[in-house]
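The structure under discussion is supplied below as structure tokens; questions concerning it will follow.
Going by the order they are written in, the chains are A, B and C; count residues from 1 in each one.
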């Protein structure tokens, strides 16, 4: 399958990334989880997206437990995790409010914890999960440098950062991605400068919720219905599923996005992979844009 | 008449630009059109603003037909055109939706078509008509480079781009203008960073709809009436027409704007040219701003 | 007391700055004013914030009159003033509308007037009071250079500038601060790029209205009450006053803000100074943010 360099000469991930976000909800045993990982890799989906907080701080551990059943898989995959959000949780009793912590101390502590949970010696990529108004860019850069020198993390990025926030941290430490929300029901990054900036910097975005958490298929609002009808028509024309059409729509953006698919069902992951072989025309792409906006381009 | 360098050392246009936007609506014969062109040039309005799509893809041809009656005029004028919008049109039956196309193939095809229609061997300036979320900046730069090396287009710019979009393309190819809407009824570029960025880059904006498509004179909304009364009072004080006052108001901006006047009547073009000799004070300028905003400056 | 370098290697001000904004309202005699100045300096609050227009163009003169009673104090203080706003005022009969003037002529005239009024030979820092859509950045830079070469002003900044406006002027002349509004009731600069940009440029903001013009204590709106209850709880936990807590909240921002306190009462200035010894946790800081926003962080 296709891989994408996040930035020229830097880390490559599989263009379709498997999201482990909901793994705790699947209620699987370690062997089931291993099987899911292996099936992803067989399809070329070799990059796995995590965060310390997924599944109330449990998903990294569930994944690591499975990986321990076949540790050789580690060299066939890329592991992405995130840090910086502190959830109120029975597993973190010292948190009395949901907050952010981008201190060097917390970043390093969180990475070391992720490595233990994932049962690995390195992350391929670490992201700051959310922009914090309290971010000390120099201190973050110091934490990133130390983790990189120790070989604990190979590359660094951010998630949900505005252009100004990306500029700030990128001025202190080279970022290789910004993981953002983008879908036919969430067009903001097309227009608010986020994707313009990333293309300028030749940084590929990772994309979360490309199917808008399933609202693409289920939402009954006027806009969603309009988008769904357009997607169904185009999918039919291209002889693919609606999900495949949506992934192809995202992949057409010139910033070279890497969509994340978070499903337990291999069928959904297949549909994402199939999008790599779909060629949408400009007019196809703008039909979806127009259906979402409710008006033609100016 | 005054000319303005779009960027230091780059293309000069006449500070007042003649817009051919509505030429198809004038229902003139070729000799009438030639006469209009000659009269503009006599007044020092030597730059003509076009787009492939004006008049349902017909205006460039109408202008070219007139120019063919006196081909020597070509060397006394500067020709600006635009590309990148695809209209639904009987003349473009392959378009099933209004969309943008900034592919290299379309840009080159569109320029070659503009040259044929305008009956010339070169454009002085080509603009991308609208920002496209699908713009591949590297591919656009490749198209621009090729057209420039072949002598088909001398300089390049954009239209209606936000600062982020301008930054992106300008990082790949030197842009010499951003053609934007600005008028006493449309102040956005004064406050949203557009004109700040252009001044920073020493790039002069071209300005479309300086008279707000005539709403300056005709609109009966509260804001428009307030603006009109202020303009009338100031015009009276300066002994000029309201239109001249509006052009002078635009010309006072430090970004060195080039307003476009799109009228078939030479009287209106004269009124624009006369603005070059009007000196508004800072207080005059802010009176119009205050009338438009409905409150004094903070 | 702590001092803060506005930019590495550049002008230092006291981290807590005394604002003379309302001095005319205090109805003090020169000896009272001198006493206030001396008490500030004794507390380490050695920097004084002025503007030409404060007190209807009178405050600089009132301060200068007091300073003349003990001219040696000048070398123990830093004087900040501003220019660029033209108020309608009986002291400026030629102003017929509130407007901005950033011309070289007005900037130099205004500084020379400020020096006369303050009875000093130099300003430590001059700020453009508001961004003007008519700002000629090159002309402002010329004015600043001339004033700097003549020793009349040591360093330059702006106030209330957006990132685009700051970028523009900073590209022509090195700015050392942007004086902005920030308080638990005014969070915009945390999220609109203003503080991201300043941190990136290593430029420290000065902060006006840290107590939201007293609304922190008095406003009965739902949001204000929610913020006040949170501040009171945290103030109690830290054993300080609410005002001290607010100053500590502002000082925790990584951009290294310098809050301005504009009170005639030494007790209030003490409360600001005490904030330099308060250490808020990240969670404390986000409790105030959450109370102000009305929801937890995303």
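Quick note on the criterion: a contact is a pair of C-beta atoms (placed from the backbone, for glycine too) under 8 Å apart; a residue touches a chain by one contact, two chains touch by 3 or more.
A quick note: this is a predicted structure, and the numbers were derived from the prediction, not measured.
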item	value
Angle of rotation relating chain A to chain C [CA atoms, steps of 5 degrees]	120
Same or different contact residues where chain B meets its copy chain A, judged by the half mark	different
Rounded Å distance, chain A centre to chain B centre (Cα mean)	42
For chain C, residues contacting two or more additional chains	163
Chain B residues within the chain A interface of the complex	85-86, 95-101, 103, 130, 133-137, 139, 160, 162-165, 167-168, 171
Complex contact set, residues of chain A against chain B	163, 187, 190-193, 195-197, 199-200, 252-254, 282-283, 285-287, 289-290, 296-298
